[in-house]
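As written, the chains take the letters A, B, C and D, and residue 1 is the first residue of each chain.
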């Protein structure tokens, strides 16, 4: 297991989205808790703060930081765009791509993964079904998270509600491109959900509201770190 | 080789787009020429007229007719949408999906291919690179056309300018899903271009302006039909 | 009051959307009922069938037929697009623009209204608030329908639930561009709703599901025609 | 005339876009030059750095800083979005809205302007024609910049090439909403272009590449500041 700025597995990936609880100084607060828990448990935790708060978080914590989104463009006349080169310039190590709340064109996903790779950054590609997971794996992202959008934010964990999607995704990826790391997301709220996700063959989870909107985010994340480690050890 | 409403191979797929030369009654004119040539040469020709002219063409010709685009929605409250069920209702046999002039979200491509399949219609999926062709193949369309967008409408045939993309696409598809039929497009203008495309391993071509905007579309299409047959016979 | 292919006021505008009840031959069925009721009551009724069924409806009924959507492009290489020139070629007299289910860029709305005008076709622009109604009026569409999207399909009529939006829209339009005809939509289900809409200062209504999905669409439409006439006469 | 964090007129608005010359530390370099020139000439200069570099610039310079883009959403589950509340949290004073490289839906522009206003932030709305300028003015932004997209980045100043658009925009805005400040953009490269823009009735300019990609941005900006002051004084 690796910590600090290098990603390792099992991986708990925290997408902060843009909740009142995660923008501005709150991004820093949530990132520091994640850093503490990562250190305490020796488990790999990645954070994706709001884009406007990305650099601030990178400067203050020593765990891997991702952008939540990146555009397919090269640097140039693209007002309001997020370019790979700027993500690198501010010190983040990768980007989420094609989150269900920011779906992308297939052609653009191809361009983005290529541009991230060429710039030495990591990609975490999201997909919604076994079919699109298979398509996604063919594009060779570093990490692929399968998230049925209908479960996002519900508290009903995909690992329990639709284990067949998780297992199907893991198998599909293995067949197409075994180097891609598979996570699952949507409804992941507890250490048990994380453990179950790993039992089903993933190498971790992607989650948001269960951490960001928790009354006690530290407690929630500790529980998840424990679940991850418990399940990961059984695996070996 | 099959003619009439069933698709066969080698296939010449004619995307009419929405040129002045292809809208309204011109859609019918161009479709009838295609029907004549298909009959004369015994080669499979498919036409994709403008959406507003789709039903009229279906009613008047006896070759396979595709829609140029379809949306991912089920029938319902979707003003201005094109739904699979209506494509079927007006008698077309399939749809182009994700043309470079109408790029789609990966998640929507997944939904559209599934909806076409469930309704017994064919899909002709477009992709722009070897990577997205590979991703596309993983989604199991009936036909996959690789078209580098920078060559579309140029008259510089992809089969000559970028044969490595065509060969790469054919190989990628064979590996991922050998049941998918591969076409190539972009810059295809002559019978020789068609012949070359088939030599490179495709089962036909997708083209538009070279036919639609030709002074003598019949002559152009006859030349292509001859090129297709010549090259196809060598193959066997 | 005008009937037949020319639009008149009060106007009942029927957006068929793409329901199972409105695609294919159903588009024709619903359009013919609308024609009957328009004739019987001498009230102006416009229909907007699914795009794939547009020409068929135009050919069979003698009331004004609109497209549900049109793209900003000139005829050309735009696969899957709906161009103004083709709407005209198949015989429709105008298009809905910017429906809440098919929102458009402000810049594209500008282009579309200009293109419709230059081609002698009518525009029915949709807006969602008093502010965007005011902006819409500045673009000089022929007709402007204000529809709060949160009420669409609910059966809760905007004319009762949010009369201030209807009144505000009518006033805003009068101030900016008094030649624009104002309709209101969202939740319009009965003759009483239509009457109320006209009392609030509009010249008619835009509706969909209350007609399309009615058990007895003829009865619903007759009730609306009566409501329109009753309220319109009081106005004079 | 006002300087420092409050906007004043004449205004030189600098959109950094995401050029190699404007991302990362370059955003800071360009912003500091702008601050120097604003101070030296007592002219109001606003900068809009890349979104990822926004907070860094806000922290280091004492001139008004805008975001290049903002989404219509309230804080919440919107991965990759830019929300008004976070623009405020990092200390920027407003946002460009609907730049020609980031066109927005009319309905979203309405929401964004409302959200900026409610949060005490300024809006700089872009429009491309006299018609959309008129529509834009009806939405009551603080500033409205008319920029014919075909001239952006060409070095052919709109103030010379299409003075009728600038004059038409100024008149249209005065008629609809005289409180809106009008800028013009596209092709603005020299002090003379700025002077001409103000002579035509605007209160300043919006520009990008002429500054960002200049060999000597300081010299370019000084020339513009002089042009602005020269023309502004004549006006009084």
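One rule holds in what follows: a residue touches a chain if its C-beta (ideal position, glycine included) is under 8 Å from a C-beta of that chain, and two chains touch if they have at least 3 such contacts.
For clarity, every value in this text was computed on a predicted model and none was experimentally measured.
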Note = By label, the chains that touch subunit A as well as subunit D are none
Key: Inter-centroid spacing, subunit C versus subunit A (mean Cα positions, whole Å)   = 45
Message = Nearest whole angstrom, what separates the Cα centre of subunit A from the Cα centre of subunit B?
response = 37
Inquiry  = Which positions in subunit D are in touch with at least two other chains?
reply    = 100
Chains touching one another, given as label pairs in label order = A-B, A-D, B-C, C-D
Message = Under the stated contact criterion, what part of subunit C meets subunit B in this complex?
response = 15, 17-20, 23-25, 50-56, 67-69, 73, 75-83, 85-87, 89-90, 96, 99-102, 152-153, 208-209
Remark   = The subunit B residues in contact with subunit A across the complex are 98, 100, 103-110, 113-114, 127-129, 131-132, 134-140, 176
